[in-house]
Amino acid sequence: MSAGTQGGGAGSRGRPVGVWEACALIVRRELCLSFRRPDQLLQPLVFFLIVTTLFPLGLSLQLSLLRDMAPGVLWVAALLSSLLSLDSLFKSDADDGTLEQLALSGQGLMVIVVAKTLAHWLVTGAALVLVSPLVGMALGIPTGAFAIMMVSLGLGTVTLSWLGAIGAGLTVGLKRGNVLLSLIVLPLAMPLLIFGAGATDRAISGASVAGALYFLAALCVFTCTLAPFAATVALRINLE
Amino acid sequence: MWTWFYKLASPPHVYGVAAAFTPWFLGLAAIALGYGVVDGLAFAPADYQQGDAFRIIYVHVPSAWMSEFVYTTMAIAGAIALIWRIKLGHAVAAACAPIGASFTVLALVTGSLWGRPMWGTYWAWDPRLTSELILLFLYVGVMSLRSAFEDAARGDRAAALLSIVGVVNVPIIHFSVVWWNSLHQGATVAKFGKPSMDLSMLWPLLSMFLGFMLFFGAVLCMRLQAEVLNRERQAKWVREAMHS
Amino acid sequence: MKTATQGLCVEEVHVWCGDRHVLKGVSLDLDVGELLHVSGPNGAGKTTLLRVVSGLLRPEQGAVSWFGRSISSVRGEYQAQLAYASHEPALKGDLTALENLRFAVGLKRRVTAAELGSSLERTGVAACADLPARVLSAGQRRRVAMARVLAMRASLWLLDEPFTNLDAAGSDLMTALLLAHVHEGGCALVVAHHDLTLGCTMRRLELAA
């Protein structure tokens, strides 16, 4: 056999698949899988609504009091709802063996991690951002603050998806990993909560939101830059 | 040169070194802590604002500092183990975690006790104590993650990665908690140019810092010996050491 | 004289799983156009060996090289040229057979639906193309997994118990596919706990527990 066969029929395999194409294909796969189970898609959103209902029920009907607490309640509910669906980020693929197939696709684990996390955000985080005006209204947040609220939630959910990806990568092999996942991710997400709720609060009271939003954006960029490496290493640790 | 380093990190060598250092660390720690406690409790002047209540600073501040130092040590040891695959790093990280968590709990308890005369309540969500609480959660996360794995090697690596992610987040958490609240007094030590404390108050505090550090060294050596023995329990040198 | 730079070369691989020494200094050579049958009792490390060769598992000692280059240095390229079929068929239950193939093979090379359809035909499950994988029988899933291996057009096949759940016709089909692959210049590492008679020269590596 000549050394030309080292490619092993690369000619017959056609042009190799580029990174962006592979990423798009994996995102499409994830979206396809998510939409095949619409009930599972809606569960985090319903949880979001339920948790925000708990607070007025448990505390007070006074609208003024609710409005004071609204940013915090909104953010805590968004955090907890995002966490719910994070457990299955890698676990469902790990359980039926398709994660290994993805890992052996020749595209590298990082592309897979980025694509899956992006798809997860599109399905969970983006949905939460879109539903938030409803919840904001229920909690008495004035409509003028909605824009800032949605921007801060958007940045926050992206960061949270990445922190969750690290946690999901670390706990993918564990049988009852979802509580441990929350235990790991929530302390790391506390700065998010502080600045996100802070930004929304300042938007309501009319103070300058620039500081909080800039820091939230900085956190988002920082996490988006470093978290893919951490999540890939975490997944590799569990794949080996 | 690398072979010398790997020999240095070989388990029987580490076990011997740790065993040798422990009594020295303990002795020196006893001296430093003894001086610090006696001078701080008995001889340093009372603070003009807080009276004698401030004396808990001699335990609270060093333990808070140690909790962060130990977390950083744990993260660095984990990073060394992950990147260069030196198993000693995992043993050090595993030994450090409970010690650091204990320092954190001590800082929280003493801080809370200090809060009672200062703010009238045991817990007031001030930024320093809140950061300590979040640090405790990070410690618990690392320890839980390590013990959740059946395969100990995988658990070590996962815990190492988590502690690295945590150590990067600690400054961010500090900054955000301070932004969120500003009740606690500013840092009184670690500025050797102009300490905002009187020198006679500062000496016992520095001595306590040194004492805590030495105490950590002693306990780390003791735990490290146990960790090394446990991890290397199949090796020949362990069986020989046990029989002798 | 076979040189080590032709094909797959595994040298003195040691793997520990906790305290258990799973692979104890395993070595093998696989040239293109060859088939190696890995056999041994349960727990001997056959699946572990496959995972080491595929690059999923990094051995504590030893090295794996493909055409003279260590696989850890050319991981992406190497994995693009191999097809791994694990013990489970590894299909997403909610996706149809065709979609499963498209999303798996589409990451390695550009494929058309027609090509994937013909792969499914070759393994005899063309009728299942639009059925979700969860309604397929175990044998049908195994055939779909085999179609995926075919569609990848890989040089190196790593198959873990490929004859599981296959009836007599399926086993004959699998044998024919393996022979065709080897004759076309590919190579294959097949893990099977039973004896294989394939009608071609086949080497055998027996792993001890």
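Order of writing sets the chain letters: A, B and C. Residues in each chain are counted from 1.
Operating definition for what follows: contacts are C-beta pairs under 8 Å (C-beta built on N, C-alpha and C of every residue); 3 or more make two chains touch, one makes a residue touch a chain.
Everything numeric in this text was worked out from a predicted model, so none of it was measured.
J.: Report the chain whose mean Cα position is at the greatest distance from that of subunit B.
T.: Most remote chain from subunit B, centroid-wise, comes out as C.
J.: In terms of CA centres, which chain lies closest to the overall middle?
T.: Chain A is the most central one.
J.: Any idea how many Å lie between the Cα centroids of subunit A and subunit B?
T.: Subunit A and subunit B have C-alpha centres separated by 33 Å.
J.: From the C-alpha centre of subunit A to that of subunit C, how far is it in Å?
T.: 34
J.: So what's the Cα centroid distance for subunit B and subunit C, whole Å?
T.: Distance between chain centres, rounded to whole Å: 49 Å.
J.: Would you pick out the residues of subunit A that each touch at least 2 other chains?
T.: 240
J.: In the complex formed with subunit A, which residues of subunit C make contact?
T.: 6, 31-33, 54-58, 67, 75-82, 84, 86, 88-95, 99, 103-104, 106-111, 153-156, 184-186
J.: Name, in rising order, each residue of subunit B that touches subunit A in their complex.
T.: 82, 134, 137-138, 140-141, 144-145, 148-149, 154, 157-158, 161-162, 164-166, 168-169, 172-173, 175-177, 179-180
J.: Can you tell me which positions in subunit A touch subunit C when the two form their complex?
T.: 1, 3, 5-10, 12-17, 22, 25-26, 28-29, 32-33, 36-37, 93, 96-98, 100-108, 239-240
J.: Which residues of subunit A touch subunit B in their complex?
T.: Contact set of subunit A toward subunit B: 166, 170-171, 173-174, 177, 180, 183-184, 186-188, 190-191, 194-195, 198, 215, 219, 222, 226, 230, 233-234, 237-238, 240.
J.: Given the complex with subunit B, which residues does subunit C contribute to the contact?
T.: Those residues of subunit C that touch subunit B are 17-19.
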